[in-house]
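Below is one structure, written out as structure tokens, with a few remarks after it.
Each chain carries a letter (A, B, C, D, E and F) given by its place in the written order, and its residues are counted from 1.
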Amino acid sequence: MKVTISRKAHFNAAHRLFVKSWDDKKNESVFGKCSNQYYHGHNYELIVNVTGKVDPITGMVMDLKVLADLIKTEVEDPFDHKNLNMQVPEFADLIPSAENIAVVIYNKLIKHLDKEKTLEIILYETPKNFVKYCG
Amino acid sequence: MKVTISRKAHFNAAHRLFVKSWDDKKNESVFGKCSNQYYHGHNYELIVNVTGKVDPITGMVMDLKVLADLIKTEVEDPFDHKNLNMQVPEFADLIPSAENIAVVIYNKLIKHLDKEKTLEIILYETPKNFVKYCG
Amino acid sequence: MKVTISRKAHFNAAHRLFVKSWDDKKNESVFGKCSNQYYHGHNYELIVNVTGKVDPITGMVMDLKVLADLIKTEVEDPFDHKNLNMQVPEFADLIPSAENIAVVIYNKLIKHLDKEKTLEIILYETPKNFVKYCG
Amino acid sequence: MKVTISRKAHFNAAHRLFVKSWDDKKNESVFGKCSNQYYHGHNYELIVNVTGKVDPITGMVMDLKVLADLIKTEVEDPFDHKNLNMQVPEFADLIPSAENIAVVIYNKLIKHLDKEKTLEIILYETPKNFVKYCG
Amino acid sequence: MKVTISRKAHFNAAHRLFVKSWDDKKNESVFGKCSNQYYHGHNYELIVNVTGKVDPITGMVMDLKVLADLIKTEVEDPFDHKNLNMQVPEFADLIPSAENIAVVIYNKLIKHLDKEKTLEIILYETPKNFVKYCG
Amino acid sequence: MKVTISRKAHFNAAHRLFVKSWDDKKNESVFGKCSNQYYHGHNYELIVNVTGKVDPITGMVMDLKVLADLIKTEVEDPFDHKNLNMQVPEFADLIPSAENIAVVIYNKLIKHLDKEKTLEIILYETPKNFVKYCG
């Protein structure tokens, strides 16, 4: 009997879409105003979905407090109120698109979950644009 | 040609996370303030997803009024404004975690659906915490 | 490494659920007030999900502006502020149920996507009623 | 000690913005696609705010069930799944703009409230456009 | 130059609408299922609005962290995951209607604000029912 | 007969709370992580409320398209995907707190409205923090 539990979290960050090996003109033609050299930012809304068996005694897939703390330590603390390009090491050489941010979050969290559990990351960059990654 | 139709519903209930065979100290260490002996409560938001073939004449997977009535009879009437632990028989010996509530709702609704239809239950305990169960 | 990108859009339209080969009485018994001969309407909220590989240079599954423009041309322009039964050719002989509208949108958009990409359409007719179609 | 109590409700309707004494060209220049002769529609979301004294025994400004029933009888029943221009008498000679719909709802509800209570109507035509009227 | 700053918070609690001096029959006739003797519960969503002058140097009406901490100490800590009737002293002899809860929160917070500031409390008992109190 | 019409808009921007005449230590003690020298960002959600008389012929307080265009020209175009501190002249010597951004938006829009109309600005910095300014 497998159930998915979901936890919402959020962080506010600045970023810029920019390929270092391209000149400014090419960056602007591909990324438009998202490549603004002075950065812009978002309220990122994150949904972390963990699927696993329900413990027959506690009735829980996992302790939600443990999951919330994990999200805090691995995502909120290092990402919140940061400039993703300049202050988050994972994006030193990786463009901080919503897609890549979701993949990075997945990779940071999956290490801490039991092997039988599966993980899915949904990341809202704006209320109209969001991405999903499940490994 | 299969389509999923979804219907939202809600109910307000009190509950408590508590394992009868554990003492109070153990219950509190596992469930924290959720084990408060005087109960707390939630506005549970429910999404019922039914997947099936679209009828070529009516253009519908099933009559949404039939689905809404089924949710009312099987979930809203017995759960709304109730104490789940004390007044809902399914939780007499089953801890009313969000996971278990979703499973109970699934089991109550699936009986009333045609065999070719599949069912998925999403249950929000709070806007930040929710679960999904699909049998 | 596949990621799903999602884009929200919306359109406001009038419609009526009505099977031409049935008399008014049968239409009303099946569709209730949704068969009102003078139409009613909705703010349709649309979520378009496209799944594909992340480009290793741009970090994107596809250019979101291209997707937004496609939704505008194929869905918003022809559907917004229209009477679906009378002014949208796809529904000349197809009942504009939420299920069928989602299928029509899927068929209009899938033609414009690369073969390796998959598509899923979620359409909210009201905040409580919505449908999903993925081909 | 005055408190405002608020109740949300909704109705789905078709309408058209159209001044009878103007020709089609002028109507279109002023109202754009909102003047489409075949109508379009909305999910109208309504918030009814009633301000009054809190009863010292019941702790309530008014019985919320009475308010909900009043909204059902005066607004939801006559407006829901209707064509406002053609089927709601108040708009026979009054353009069904969001502003006017809010005023009509105010006038229908205020008659049923005690003189010491004040009323405010908020009406969402879409999630981005809404109006407020308080007499 | 006065600006209103707003902070959202929430707490989950059980409650019961019940007048001690009335018999069960009268309580049920007035409060319906809200008077259930075993309690029910809600996810209360709270909006605290503080209006005051903008500090010309910091650009702020007040330090939002101070406000958030005040809400935590005065409202979230004593109310969250509690039975309002049995565990919150303010409701020992006061019916915990949404109206009264809003007034109690107002009275607890106003003491901690500068005299030139004004306060408004909005409390959602459910997404459809909410109240507002401003002293 | 006065009605308030409301229009939602949004912009994504980077900013930093920082008083130039203070050293870094004081800035951090007052603004915490909001003073991060590499900036962070938000999805700002804006609600523009205009109150005025309803035109008896059109049923409108003002042409919503005119209002939407005004918001685009005065707010969205100059603020969206920008670094408020570095690229928006109004904040060259004014700290871009939510309070000050709301005041700046008010001052930019009020100039374009008829004298009989009143204006109110609501600005969400995050879903939990927002401000209101009405002149």
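Throughout what follows, a contact is a pair of C-beta atoms (placed from the backbone, for glycine too) under 8 Å apart; a residue touches a chain by one contact, two chains touch by 3 or more.
In this text the structure is predicted, and so the values were computed from the model without any measurement.
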Practice task
Name whichever of B-E, E-F or C-D reuses the A-C interface, so over half of the contact pairs are the same residue numbers.
Solution key: E-F
Handout entry: Rotation angle superposing chain E onto its copy chain F by C-alpha atoms, nearest 5 degrees
Key = 120
Problem - Cα-centroid distance, chain C relative to chain E, in whole angstrom - result: 41
Completion exercise
Rounded to the nearest Å, the gap separating the Cα centres of chain B and chain C is 29
Handout entry: chain C-chain F separation of Cα centroids, rounded to whole Å
Key = 34
Fill in the blank from the handout: Listed in rising order, chain F residues that touch 2 or more other chains are 127
Handout entry: Chains that touch, pairwise
Key = A-B, A-C, A-F, B-C, B-E, C-D, D-E, D-F, E-F
Fill in the blank from the handout: As the complex stands, chain D meets chain C at residues 10, 12-15, 33-34, 36, 38-43, 80-83, 86-87, 126-127
Practice task
Could you pull out which chain D residues touch chain E in their complex?
Solution key: 1-9, 49, 54, 57-61, 63-65
Practice task
Could you pull out which chain A residues touch chain C in their complex?
Solution key: 17, 19, 30-32, 94-100, 102-103, 127-133
